[in-house]
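Please go over the structures that come below.
First subunit A sits with subunit B, and in the next complex the same chain sits with subunit C.
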Partner chain A sequence: MEARAVTWLRIIGWRLVFSVPLLLAVTFGMFVLAKASPFDPVRQYLGDRAMVTSPEIMAEIRANWGVDRPLLEQYTTWLGNLLQGELGESRSLRLPVTQVIGERLGWTLLVVGCALVVMLAIGLVLGTLAAWRRDSWLDRALTGGAFATEAAPVFWVGLLAIWVFAVSLGWLPAGGLTDAAATEVTFTGLLRHLTLPVLVLAVSQSSWLLLYVRESVIGVLREDFVLGARARGLRERTVLVRHALRSALLPFITIMGARVPELVTGVILVEAVFALPGVAGTTIKAALAVDFPLLAALTLLATIAVVLGNLLADLAYTLADPRVRVLGVS
Partner chain B sequence: MAAVEATAGRRPGRRPVLAVATLAVLVLAALVVPLVAQLDQQLVDLRSAGLPPSLAHPFGTDEVGRDVLLRSIYGLRVSMLVGLVAAVVSVVIGGLVGLVAGTLGGLVDRLLMRVVDGFNSLPHLLFGVFIVAMFAPSPTAVVVAVAVTHWTTAARIVRSEVLSLRGRPFVDAAISGGSTRARVIRRHFLPNLAPHLLLATVLMIPHAIWHETALSFLGLGLPPHMASLGNMINDGQRSLLAGDWWSSLFPGLLILLPTLALSALAQHVRDRANPRWRSELVL
Partner chain C sequence: MGRGFVLLVAMLLAIAGCAAPTEPDAAGVSEETVVFGLSSEPDTLNPVLGYSPDGGSLIFDGLLRRTPDLKLHPALAESVPDAVGTEITFTLRQGVTFHDGRPLTAEDVAYTYNQVLAPENNSPIRGDYAAIEKVEASDERTVVFHLKHPYAPVLQRATLGVIPAGSDLAALGNAPVGTGPYTFTSWTKGDKIALTANEKYWNGAPAIRSLVLAYTSDDNARATRMAAGEFTATELPPKAAARFKDQEGVTVHETPSADYRGIMFPMKHPVTGDRAIRKALDLAVDREAMVSAILAGAGSPAFGPVVPGTDWHNPAVTGSARPDTEAAGRLLDEAGWKAGPDGIRVKDGTAARFTLMYPAGDSLRKELALAFASDAKRIGIDIQLAGLEWEAIDPRMDTDALIMGFGTPYDPDHTNYELFHSAYAGQGYFNPGHYDNPEVDRLLETGRETADQAAREKAYHEFQQVISDDAPWVYLVYLKHVYVVRGSWTGLETGIEAHEHATAGLLGTVPGWKPAP
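Showing the complex of A and B:
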């Protein structure tokens, strides 16, 4: 127990040490890009009013935002504010960035969380089935479907789902969180509105998992201990779930953490297609409006999510594999 | 590895032939059709707006009456071109980084590989979005966005290949024969790296196309007036809600088909090119 705690602390420590330069580089890179950008943020902010605003007032806004100061100074100011939990004001929504994120992060986490659960269910069950009935028509249909969803763009799959389930069949709403007439978010309304986005995200993310589980279960099914389990007359289901799937899962945990970037990409596109008020869809709005404070904060948030994903993967791996636990991090 | 073995046991069958045929038809269409087409892809004809697929318009027409088949082929042409350029640029960047890391080794190698790890742990699409947002949507911005986020694969491949080449006897012989580093790179590394670079470029193209379409779909890719597959799906989004499925379905199929064909082909080539994998797994 003692040794495990030490190992965990060491992993967390190393990850944090490595993530600090990464986060610094990413945020600094954002400032360099913003500086190189041909857009004038003040003109962008004022829109049509830029024509009638006097240069003095524009210079005042510029000084107010600090965009007229040198790059390094802007960056260190932003960094200092960040450490105090101050992320500035969104220029397109005219709200504090912390408030925008606070209001929207929950929806994104809800969609991602539900999608992860569904994705695991789809990937594990269908992947094991495909491996068990290898080369059958079922296996071919499943792997074919997985390759197709892997190659198909998520937003396109989302649009097709809207066409089939919302437009043609009329079973589920096409987007948003509530019906047009509704005044508050209800549980059943939420369930109806989130079903399609969650399923689309889960299906698009589960194809690699299905293929992966299939490959590893096929590999494990040939191992001696599976042969032994079968020879002892254990039921096929026990062999499959307790022996084959369990040992096939080990490497998958680390890959899972490494897939967070793809998950971020998926949720951005799904929120855009289904017009959900989450942080991922807001990223696109911020980008279209060249809203630097908001876009910078959201990009930082996504990078932190990736770092955390890697950390969780490491920790889960230590938990699952006694060799890593005992021998420590390599 | 198990998948390699699983397919190796089976005969390759008609799958690679089918994949090559699909790719050939699509590439030929994208190259030849714009040269010989009688119709103008940008021709707005409101009388025939929103027509479902028929003999005259096999993919139907969009909300302003433009032929979806013709526009899809133009879109495929644009997407393929942007994809090709982005893939070449990212493989060149990645190849240079990999070559430097592999050749110099030591601290430079470790540092560069940390940078590669860093770039790999970024959400690619988000950074593409950021880059395009800070510069106006244009083919150049898309190419830069894709290349900046995708060079790492080529860097890894080239680095590991250079490392294995460095240990080969003919490189030792060249160095003891008095070859300079530049000569070793030119005469020994590059010819051996060429097939890997080619394969990396080809496999990068679908990724690049995917990114171009995703960015365009979000309104952050190619300018809206250009017929690209992503822009078409974005346009089709509005008419989809009215039930006009064809203007989003067919452009999407043209993204799906080449990607599937190329990955089937890559799988086949990989199985064929490396018989060692097969025998290892059979044992």
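Showing the complex of A and C:
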């Protein structure tokens, strides 16, 4: 037990040390890209009004924001404010960045959380089924479908789902969190509105998982201990779930961690397509509006999510496989 | 497999089962709750930071308000003052309170305007108030506007919503407190804003108790939600509104607007700098085809920067919606532009050729630019089109033509002064073509500084005539706004609308709506 705690502390310590230069590099890279963007943040801020605003006023706003300063100065100012816990004000939404993120983060976590659960269920169940009935019509249909959704971009799957379930069949709302006339968020309303986005995100993310689980289980089913289990006359379900699936899952935990970035980009697109007021969809708005303060904070948040995802995967791995402790991480 | 698998399948089905609607959509249209489907969500609900300054805010009142016939009436002010000289005094209406119960004072009005004018607030509407030096509360009920120069149209700027003195600008933009006919209830970002009738409104509480402004930027999605009965009323582009035209219980309103599209010519360019070229293009444009084919009928031909239907419009400034290529050809021949071997006219070795830019993301302007270029081809003028981002358009505006759009119906001084006065030549989007005509400068100055209505009208009528003769722009079309409204209502009024019309135009009359008997 103690040895495990030490291992965890070492892992966390190393990750923290590595994440500092990583976060610096990512945020600096974002500033470089934003600076190189041909779009003028002041024009985006003014919208249609840019046409009737004099160049002097635009120059004044630019100076007030400091976007006319050299890149390095802008970055160090931002970094200094960040260290004091000051994230600045979103220019496009005219609100403090912390408030913008605070209002929206909950919805994103809800969508991602639900999608993760559904994605695991789909991936594990269907992947095991496909492996068990290998080369049957079921396997072919499942792997074929998985390859198709893996190839299809998330936003495209989302639009297709809207077209089928919202427009043609009229079963589910096409977007938003509540019905237009409803004045508050209700549980049933939320359930109906989140079903499509969660399913789209889960299905598009579960295809690789399904394929992976299938491969893994097929490999394990060939092993001697499975043969032994069958020879002992154990029920097929026990062999499949308790023996084959369990050992097939080991490397899967690390892969989960490595797939977090894809989940992050997936949720960005899903929120945009389904008009959900989450933090991920806001990223697109912030990028289009060249809203430096908001974009920087969101980039930071996404990077932290990826680092955290990998860290959790590594920690979980030490639980699942004791050998990791022996190998260490240094 | 057996039970475990069945259980999992059942779970998946249960998740998908939420798909089947458990109850009918609670979006029924009632007198109590009215839902507007709007296209673009505001970034802020604070008037100081640019929310609906021309009187389209239902949460705030200005000193004055505008009815759909474009006349100004007192709102928070007791009466409409005369706009003479550099000091305009407003006396406040008595007994008005903010939604939080605080009484309205002159301090609130002064705070509102001074916050707009303060450069550190980066207010996007500050440019509109450039003529105002500062606003002062001289006592509880009296507020004085100090102007930099006599500015007759200043009253048009008195529709800006008044906010409580000392408000935090960002916080107020998120949870607004005003004096208007509706109080703010909630704002689900990216989705909708819910409003409730102000029972204590000084002008009488609205009959519609609950108002929801639902935002869907996609035109087709808005049409679908309207058809599904989710919205009481919505704004749509003409083509998307067509399906509602013969539907029972639904009315399609087409309202005229001052929003025009036209071609701005650079005066320094050797081809577009020639008046004969510009006049010939003006004659050759097929405005009728533009209205019927590109705007699906929801528009009208434009011949000048002042929209017909207002007192400011000079009725003599008009033309034929059909092209007159013969007259255009004659004009070019007389000016020395003779047809060359490839059909393109040439004068002194210069081919009648120039570039017309349009913003790449604007499909309407793109279609108009294409139509304009093909009309020009018929009279031997070669227009090369360039679809660009605004950032790429900016540096080229003084050498290449550009399709632009402006237009407010309130006062002809707005935008026209900046677009045609030589003092603004080359200043961003103000007069990018460097148009310089002392006669126009004089007329614009007279119109701005004279308080007498008749004298102002005369100045602007002459201004329109000079612009029409000189043709620094070729005006193409005025757009119409299309609304679809479910149910029948009294108090729904239409008028000439400005470009910004979310809840400023027809839908802005909602405080007066009552179900028709």
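Methods note: the second predicted complex is superposed on the first by the 296 of 330 C-alpha atoms of A that agree within 3 Å, B and C clash if a C-alpha of one lies under 4 Å from a C-alpha of the other, contacts with A are read in each partner's own complex, and residues count from 1 in each chain.
Quick note on the criterion: contacts are C-beta pairs under 8 Å (C-beta built on N, C-alpha and C of every residue); 3 or more make two chains touch, one makes a residue touch a chain.
What you see is a predicted model; the values in this text were computed from it and never measured.
Contacts of A:Ala151 after superposition on the shared chain: subunit B is touched, whereas subunit C is not. In the superposed pair of complexes, A:Val20 makes contact with neither subunit B nor subunit C.
Of the two partner chains placed around the shared chain by superposition, subunit C is the only one that A:Val52 touches, whereas subunit B remains out of contact.
Contacts of A:Leu199 after superposition on the shared chain: subunit C is touched, whereas subunit B is not. In the superposition on chain A, contact of A:Pro38 is made with both subunit B and subunit C. Look at A:Ala174: by the touch rule set out above, it reaches both subunit B and subunit C. Of the two partner chains placed around the shared chain by superposition, subunit B is the only one that A:Ala302 touches, whereas subunit C remains out of contact. Shared contact residues of subunit A with subunit B and subunit C: 38-39, 167, 174. Those residues of subunit C whose C-beta lies close enough to touch subunit A in the complex are 1-2, 4-5, 8, 11-12, 15-16, 18-23, 25-28, 33, 35, 37, 43-44, 46, 49-50, 119-120, 122, 124-128, 130, 169-170, 173-174, 185-186, 188-192, 194, 210, 212, 214, 216, 221, 224-225, 228, 230-231, 389-392, 404-406, 415, 418, 427-430, 499-500.
Put simply, subunit A touches subunit C in their complex at residues 38-40, 43, 45-55, 57-58, 60-61, 64-65, 89, 92-96, 99, 103-104, 118, 121-122, 125, 129, 132, 165, 167, 170-172, 174-185, 188, 191-192, 195, 199, 236-237, 240-241, 275-277, 281.
Across the interface of their complex, subunit A is touched by residues 1-3, 6, 10, 118, 120-127, 129-136, 206, 210, 213-214, 217-220, 233, 236-237, 240-243, 245, 248-249, 252, 255-256, 259-260, 263-264 of subunit B. Touching subunit B in their complex are the following residues of subunit A: 21-22, 25-26, 30, 33-34, 36-39, 134-135, 147-148, 151-153, 155-156, 159-160, 162-163, 167-168, 174, 211, 214-216, 218-219, 260-261, 264-265, 268-269, 272-273, 283-284, 286-288, 290, 295, 298-299, 302-303, 305-307, 310.
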